[in-house]
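Paired with chain B in one complex and with chain C in the other, chain A is shared by the two complexes that follow.
This part shows the complex of A and B:
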């Protein structure tokens, strides 16, 4: 994707070995993050997140739906990611589909927990309106505006910001209805329920370049990647999901080491992200 | 009684005071704003907003032709892809890529832009124009063309003129400038016009629904005025952008 000469490659690799990357960062430092919330008025919640030159939008739309038979007291959440062609000509037509699917599935794995919905970062029980009859369906959509590496972490953080921006309307269910019929609902325009996003995990991707691993790789650095591990970690330090990407194999002991490093990095990252989100919310309320 | 029902059915798109549903005058455009350089990866990019409609255009090129068979020996190959974000409309619809509406708009934008790019100056190259709709509230075609013009200019691609576009319609016996989604779906005619303002040429003209000859003339006149206003704004934005670049160079 990125055309680099042998000299440039050597330079990037040498920098990582010496803990001084091409943009002046250390191996475990993130690029500056800026967040804007409420960017898409049609959605129930939205956020635009910039991490260096990587630029993504995440939106949350809530629709009234019917819970599945297996879990009558839970709502449903689906995550879709779209890589826009404006980010890179390789995403044109169906070109972005493979990456979009990879990202969507990785995000689902990291944020939504297992098939039963247990261990999900989003409390699915809070999406229940009436058991077995009505629930909220959340559609989370990510759009990549500009791709400069580390899309998964950026999308995960943007989704967290969008969720904390989301207001789910209060629903009043009609008192009388027969057992077979779908009850009538009245969706309030004024009262909104806010999400508790403190348990939504963040995703930390460690990219392995040579012997070392780095966080928040740019696309130039990603072109060097032999393998990468994405760990999703919540604020209590629990691991919520794992994805290994890239072709090369990793030593099992290195995996454990990478996870513990990711856990350490996540503490700073969550703090930074939370303060950025509250700053963005304050900004939106002020304007 | 029948009479009252029929009156009620016909929604009033213009109040007795002469104002539209969103409070504009019939000949008033929505607030427009533009920003250059929103996609750092691209050679040129711009975001363009018309009221609640918001689009981003990115231009890659002129660059080597990717598909060798498509290379043209005496001019540049211009390609365009239009895409709507799933969240851009009020109702969530997951539309497949390359449905008919998308293909048609891609084609319209490509033809409109091709008319103003000096393609002969860049033979055997390819210019890609990608437009992404973030919010759709009527007039996406016009917004896309305006964004594409800005992005092409920002990419430094030689053009004959800055093509600008604006739509106009006709409801309740009044010509209306720059229809929003509610007015657009009211069933009246929607005339989208694209012009080269300095060369005084029409490069895009689309209309649906029926319209009398006289009414069309006034609608077209209104749309032309809209295009001219957009052209003035785009010129200002580009000048401002160039000034910024000059400042950064330190001249």
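This part shows the complex of A and C:
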């Protein structure tokens, strides 16, 4: 938590009321975003995203696994977030655990869709190698390097960038194998399959301060939060997940209003993010 | 007393009817939960006999059906028949609510037009609910709730001294903990605490509790899911707010919670486990009915805005109905303790 005096709090709140925040932004403006891709060579895909002082790394690791009995034709995806002590001394030991779980759960809810797999940002069917036998397990890991508010949006965007950076090796399955045995696989070093990230949603968090909503709140602004709603929206404008943070009750009509504002904001954000990701990819290819 | 032990253990042996055990428990206030559930000998007393010898004082039997949006005539008719059957059953069966047996054979859900819910409910019809307060004597407040086969018991302790050596706080703290029994699900689980659900419960309740009313102290909310039959979290939340009210913790309003599942093009309220496994999306709302405020809202799957609106309306309507039932349950409890 950020220790703020009553005067500072009043200043921040007053600024938001007048649509001029303490760093000069408007209520619905994001901080400048910069993305680097391929920062972790050991991972199949990775990206580092900076949004003001918020700094996160997302990595994607793919491993050969066995599909579950319930969904033999689907791969598996696991999302974890680590709030390390380097970001803030409060995260030391088990301090970051609560926030880590909250963020992981919110990301899972926003990216993985319903139980039947409908509306998932990551197409689990594409991770299938051989039905009932082999599939890819994706381990998506988020690391918070510096926390200055709006972690969920930053992590969501970083994961999208990391996924578009991900190359999944081509797998050749040995032709002959018995029914019980696990077939032998040959993982190619050269041929990679690109991941389609067009349906991966972005997460927009609207923080409610007084009567107004702001996007991309800094940690100072977040300490004012009465409640916040994180909406994940895909490029088709469909809502893929929603999480409310903060315990204070809000009127149902306010919730619906926040959803429509988030939808409006997401159109710009998706465009910006896509151009940043392609610029980062070009940078990586050029260097 | 002895026969009651037999009765309880016989039910536990039959599996899935811990409800009745706890309901019977409420009668014998000096009974310990664990002793009745896990110890004691296996007897073969008849269910009916015991029921007659142990009349319950009050037994609210309810079914909550949100008003339907649009013209779903089929469901409307179902609701009416359900209502009429309920009213007749309340007159004949005044002693206790009989828990329905757990469905053992799992049938795959077919998603076609004439699809019927596994428990023959209408799409917009909630499961019958049984609510009771003051179940656990040691706690400041407690509640036992069952919605269909989902059975939850919540006890509230405090306000009491904060155990963790933490900083001074001029508002009270809320500590929530949800755990599952090892026999709660079809597959024997670990009976572990569930962090996600615990934090969801915390977030759902903290906005409703007037934390300023108990500075420097902690209120502990412990929830135990005896049987998981779907929509566990909404049931836990509703039960917890009932227990908090029973404990006399100051709240702005009762918190009620209902979830809907999206299956194909249908919205079905209060889903059971089978339905939750096949759902395309889900929406859960926690709502304060008198203040008309949403304290928590979660959504998974792909939704369009009008659909969210529809689902929210449906949930809020059910929440209001549930709120009334919870209120009447508390009133009944208060009236019976006075007399």
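Brief remarks follow.
One rule holds in what follows: the second predicted complex is superposed on the first by the 287 of 287 C-alpha atoms of A that agree within 3 Å, B and C clash if a C-alpha of one lies under 4 Å from a C-alpha of the other, contacts with A are read in each partner's own complex, and residues count from 1 in each chain.
Everything that follows uses one rule, which is that contacts are C-beta pairs under 8 Å (C-beta built on N, C-alpha and C of every residue); 3 or more make two chains touch, one makes a residue touch a chain.
Note that this is a predicted model, so its numbers are computed, not measured.
Once the two complexes are overlaid through chain A, chain B and chain C fit side by side, free of any clash as defined at the top of the document.
Looking at the shared chain after the overlay, A:84 reaches chain B, while chain C stays out of its contact range.
With both structures placed on the common chain, the touch criterion links A:196 to neither chain B nor chain C.
In the superposition on chain A, A:148 contacts chain B only, with no contact to chain C.
Residue contacts after overlaying the shared chain place A:267 against neither chain B nor chain C. Of the two partner chains placed by the overlay, only chain B lies in contact with A:43; chain C stays clear of it. Looking at the shared chain after the overlay, A:283 reaches neither chain B nor chain C. By the touch criterion defined above, A:139 lies against chain B but remains apart from chain C after alignment on the C-alpha atoms of chain A.
Once the two complexes are overlaid on the shared chain, A:61 sits against chain B while remaining clear of chain C.
By the touch criterion defined above, A:259 lies against chain C but remains apart from chain B after alignment on the C-alpha atoms of chain A.
Taking every C-alpha of chain B against every C-alpha of chain C after the fit on chain A, the minimum distance is 10 Å.
For chain A in complex with chain B, the touching residues are 40-43, 46, 53, 55, 57, 59, 61, 63, 80, 82, 84-89, 92-94, 139, 141, 143, 145-148. Chain A meets chain C in the complex at residues 70, 98, 101-102, 105, 109, 112-116, 118-119, 227, 229, 234, 238-252, 255-256, 259-260, 263.
The residues of chain C lying in touch with chain A in their complex are 195-196, 199, 202-208, 252, 262, 276-282, 288, 291-305, 308-309, 312, 316.
Across the interface of their complex, chain A is touched by residues 38-42, 45, 52, 56-58, 60, 66, 81, 83, 85-90, 92, 94, 97-98, 128, 130-132, 134-135 of chain B.
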